[in-house]
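One structure is given here, and the rest of the page talks about it.
Order of writing sets the labels: A, B, C and D. Residues in every chain begin at 1.
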Amino acid sequence: MRFERRAHPSRALTILAPICAILLALLLAGGLIAIAGANPLKAYRLILTGAFGSRLGLSETLTRTTPLILTGLAAAVAFRARLWNIGAEGQFYLGALAVPAFCMLPLVSSLPGPILIPLCLMAGAVAGMVLLLLPLGLRLKFGVDEVVTTLLLNFVAVLFVSLMIEGPMKDPMAFGWPQSVPVPDAAILPKLMDRARLHAGLPLALAVAVAVWWVQARSVFGMRSRAVGLNPRAAAFAGVPLGRTLVAVACLSGGLAGLAGAVEVMGVKAYVTTDLSPNYGYSGIVIAMLANLNPLAVIAAALFSAVMFVGADSMSRALSIPSYIADVTVALSLLTMLVAIFLAQYRIRR
Amino acid sequence: AQSPVKVAGIHASPVENAWNSVLHAALLGAHEEGVIDYTFSEGVSGTDYPRAMREYAEAGNVLIVGESYAVEREARTVASDYPDTAFLMGSSGEAAGDNFGVFGTWNWEAAYLAGMLAGEMTETGTVGSVGAIPIPEVNMLINGFADGVKAVNPDATHLVSFIGTFFDPPKAREAGLAQIDSGADILFGERIGTADAAQERGIKAIGSLINYTPRYPDTVFANAMWYFRPLLDTALTDAVGGNPVGKTYTPLSLMEDGGNDIVFVEGVAPPEAVTRMEEVRAAIKAGEFEVPRNFDEPA
Amino acid sequence: MSVLFDILASVGMWEAVLRIATPLILGTLGVLLCERVGVLNLGIEGIMTFGAMIGWLTVYGGGDLWTGLLVAAAAGAMFGLLHALLTVPLGLSQHVTGLGITLFAASFSYYVFRLAVPTASSPPTIEPFRPLAVPFLSDLPFLGPVLFTQTAPTYLALVLVAAIAWGLYRTPLGLAVRMAGENPHALDAQGVDPILLRIGAIMAGSALMGMAGAFLTTAAFNSFFPTMVQGRGWICVALVVFASWRPERALLGALLFAFFDAFQLRLQTVVDGVPYQLFLMLPYLLSILALVLMARRARVPQALMQPYRRGER
Amino acid sequence: MTRVLELEGITKRFGAVTANDDVSLHLERGEIVALLGENGAGKTTLMSILFGHYTADSGTVRVDGQELPPGRSRAAIQAGVGMVHQHFALAPNLTVLDNVLTGTEPLWKPRSDRAGGREKLVGLARRFGLKVDPDARVSDLSVGECQRVEILKALYNDARILILDEPTAVLTAQEAEGLFATLRQMTQRGLSLIFISHKLGEVMAAADRVVVLRHGRVVAERRKVHTSKEELAELMVGRAVKRPTRPPATPGELLLEGVDLHLAGKGGASLKGASFHLRAGETLGIIGVSGNGQTTLAGLVSGLYPPDVGKLLIEGHRPPRHDVPHAIAAGIGRIPEDRNAEGAIGDMTTWENVVLERIWSPDYSTRGLVRRDAARATTEAILRDYDVRGARVDGRIRLLSGGNMQKLILGRVLSADPRIVVAAQPSRGLDEGAIAGVHERLLEARSRGAGVLLISEDLEEVMALSDRIMAIVGGRLSPAIPAERATQQLLGLMMAGDWSTLDDIAAEGVHAV
């Protein structure tokens, strides 16, 4: 048996395959739910209503989609250029930490919101960039594989956050609990609904996704970064400056991951703790791949992942089954989805 | 009898974590007695915590028990959005509104008593404490232990390690072993895992929050127990009775009110040490002695 | 200074090094086997979690310790098979599949654990592996207690290092494994199916990862709880690079890392005023430094992360 | 004679392409059969089926009368079939011995017999005159040595039938000659050979019998003694092909001058003081045994890396920076040595491949944005003017055949009207028809007044196209000789580094101009 790439993947398959994947994932998860003694059919209904069925569910789903779009984009732009940035998690944290840190500077916190908010977002993006430029520098200078360094730096970043929020950035009003000083109210992103967490980060993330898509598809930089990823030797022959292009890619990727952290802290939590991210950075990688590295598809993939998680999480509470089922369902659907996307592109031959 | 009250628990850690297990056990106990109808979520990260609160509130729970340490601000926002639901949260902050009550984990008195035993028992003159993260409640506990030791043995050395996380028993164990290597012969295990090190090296250990003696029969000879049931019952009565829950329930953690106490194995500590400790214990219960409260990070 | 010396001269410190190193040795060997046939396996973190859970659960349910280890290895191999099927015949992105498996295996472990042990208010325990003194050798001064009073799986890990080194460099199978990671086309041209070989090696490597996890719950500790693997799997991925994909250096790397870890725990007890996070960062930063120093000499398997599809160009 | 091998009715389809269409072929003991055909004719596919690498849709393979199970390389090897692949199947990080031993012993043996293996390998190497160091790492070997390792691999498996897929594509003339001498010797020891080649000269020199494939079918079979180069070329392409001839040169002003260039090798050999000059309207051919610095020289002139010492003057000036965009802007057109690895990005579209190296120019981008319409228009013109088949403007070029890929690259380079053309191995691996096309284009550029720097290991090509010829040896360039004086022997001496007679010839050349 072997697989042969389809010259022209059919449209029907491209749509049908992911649907089959979701169904299969739900079927598998249903089995696990049944083992826990609950009714899978009821569980399916609860997943749907949990994610969409109420104002709360909908707003929570979209709130969770927001950072996932940005980390998904971070991975997508890096992977396009074959820059294996597994460090979005750490970049997310540094980006988040940069916001209160920036606001601690003298005079900054007295700025009005319309000025302060963009500055804070930028601070987050820059922090993320810096954390990715370091491993990139090691790769360019010493040839150190960035898969490993970015992975390890995630731990360093979280420990650094921990160091800061127990040290110089510790919130004196937080009763000694390790958390950063809060972001000033002026820098908090406006809420989109009252009595819910949904915030202006969502439209921002959507706009960023469109912008990234446009840059990737239309700009010289986008073309060069793709060339570097697909065939670095040929790119060099065509005069694409490898180092500079990768640096730019790293700035964009790290910047997006950092931005995700900044948006999360400015939109949802207002201060930084070491459990700010439930693996947003790692999930971003899978989301990027589900989206086939297409920035617009990242939106859909992020939404999908959020729906699965919020729905399954709420279902687990409603049915009193272990809440870990939410992560199981998301992971299952990611795996089946990967296979489905593959099968839509290949045909099986004997 | 009346039908059970709907109560939800939201645990940031898995319910194995000692602190959560105290809440969880109390809640399960009440559930089995038919007092409450208990559902829970565990391992809920900071990001998901407010959603869990909202969902349980919308599901009609009368009382929601949990911990708002990592989400103080958001938890209070949620409570204000759901005024008809009562919240009882482990918190280092103040109560808020009519429906957001808080409690602290104050078993430092029991730790002080355990420290008195340890101070008299140590042969090397060195004891150790393994803690999670230096937050006030943990500091207070470890300081309480250290003060107890110093009270009977002013020359004793007290080693402190923090493992940087709330739940990593093997790490706590390694930290304990490191302290033993540095001369400690009694360990105070603010974190689970510490006693494993003591057991392995054949020295004694002291537990915190729950009774570790059955688990380490020859190792853990004393425990600084903390009891949640008094807190739960009081808050439940308030919530059902329509009284505002928005107050501080911490005093119910005091030894005076049966919220914490020492549990120890007879015949391990020298009798005179036990006698001296029992005197202090009685004094605390009678309100005649106050164990110093020190929230600063132990040096 | 003398404080540092005391730490370095203490038997307990070095004994801890070997103990902390054991899961890293097993995990690193596991990653090494996978990468030697050309496949990155970021599933390790999840596979270790599952191994830790299922190994423990087996013993808790009445199995003996070795059965627990074996079940963990078998479970690891099954996840390895999943990873292999997705990355080898299908040739899906290895990073993503690996991360997907980590997400899945970890959450699945917690779910199964919670179903199996529903109402644990203090973590239920098992009777773990006890240190096993090797006759005579354990009486040696210093070395005796450090090297020869470890638990049985630690000895097993050390034996495996030698066995895998032998296997890789001295047997036809090992040569084929190396070739699969260097140039699968060449292997195919010599009549050995690289697909099967890759699948097999990934399963074997993942079995080791499962055992690495089980060590945590059956030897290093005596109960299971969520998030207990704590990034040890990722460390293994780094150690393989540090080790230049060689088993004997993997041992060295694991020991070095464990040394930092054991050392920083002890240093914390004697050095005041330095935030503990700095100590905790130390092993990661030193790993990165080591990677920088080793990078030029490291010989990456040429086909690492390159899917092999017969007859595709 | 006995038939050792018979292929019968082999058909193989890849999607819509029929790579082999009812092909039958046989081989006698001790015979050398040359398999000939255009790029994409189906030669490699046929041999892969014989070797069990692909499974045929229909047809059978018989070795010594025994049918081979389809799709099992192992079985083919055991039956005594050995294959040397078009693209080497070697692991650069492993030693020669490792590469040879892989897969030769039962996998589950607890210990491999390396000593025995080494002995056998050394014995074979001696017997067949294929000298290699068993402990050398393959990455340290030259292409010629890799080729030998590949053959030894097959011999080590006791191959009695050896298949060589374009074995000389990357060898120099001398190396190729040596190889064929070895192959001859092998047939005397009872081996039977099939080799694939595009070089008619060597086919005529080495083969006993020639089989020609076109579009997947056998179109002809000739005994060597009954045919000629011209006939074979025509059979292959289906029409008469003739390589173009070079009209006399009219050299103009000085375009390119390298002065004492030194450059530490970038993955290849170093330059150690190379000097040359190139005038408008002439072709300067540079010959040499691979590994003497031609790749480095081509890279330097192409703008990939600046010299460590010395200077490169373009029309008498040094460009402000030595990089690719400045080289292109200064009028240098570059045909890369390896078209798939350097010349094209298979998963990008045709138009992207065409404009990538000029994307900085205002023709193709404004304010950082790509001018897609302009790029597409240029591409369309190239596809039309250069007769690139099988490519769509918006399609990926992954599936383009070698000849068409080269046409695309030529189009990309020449349509910009470069003053200087650097052509590195421009016809490597191409079939007769495609080569003629490439040569025509290069001559056209020259007559238009461009200077062509031709770096090639193919002597025939260099002699046919160049006005002057230099040899590169150990990073230095010999004095140039006029093409009229070039003979195989003289060029051989030059490449061997014997330049004693050249100065006189060069001096004559000056008088002649």
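What to note about this one:
Here, a contact is a pair of C-beta atoms (placed from the backbone, for glycine too) under 8 Å apart; a residue touches a chain by one contact, two chains touch by 3 or more.
Please read all numbers here as calculations on a predicted model, not as lab measurements.
Among the chain pairings, A-C comes first (most C-beta pairs in contact). With centres set at the average Cα position, the gap from chain B to chain C is 35 Å. Inter-chain spacing, taken between the CA centroids of chain A and chain D, is 46 Å. Note on chain placement: the centre of chain B and the centre of chain D lie 76 Å apart, centres being C-alpha means. Looking at chain D, no residue sits in touch with two or more other chains.
For chain A, residues touching at least two other chains, in rising order: 4, 159, 162, 166, 322, 324. Residues of chain C in contact with two or more other chains: 110, 114, 226, 277, 280, 310-311. Two chains count as a pair here when they touch; such pairs are A-B, A-C, A-D, B-C, C-D.
By the touch criterion given at the top, residues 1-5, 32, 35-36, 84, 86, 138, 142-145, 147-149, 151-156, 159-160, 162-163, 166-167, 279, 282-283, 285-286, 289, 322, 324-328, 330-332, 334-335, 338-339, 342 of chain A touch chain C in their complex. Chain contact summary for the complex, chain A toward chain B: residues 54, 56, 60, 64, 159, 162, 166, 174-179, 182, 195, 197, 268-271, 273, 275-278, 310, 313-314, 316-318, 320, 322-324.
Across the interface of their complex, chain B is touched by residues 7, 10, 12-13, 16, 20, 110, 114, 119-123, 125, 216, 220-223, 225-228, 230, 261-262, 265-266, 268-270, 272, 276-277, 280 of chain C.
On the chain D side of its complex with chain A, the touching residues are 14-15, 55, 302-304, 323-325, 327-328, 334, 336, 341-348, 352, 356-357, 359-360, 365, 368-370, 372.
Looking at the complex, you find that chain C touches chain A at residues 40, 42, 82, 86, 89-93, 95-97, 99-104, 106-108, 110-111, 114-115, 226, 231, 234-235, 237-238, 241, 275, 277-278, 280-281, 284-285, 287-288, 291-292, 295-296, 300, 309-312.
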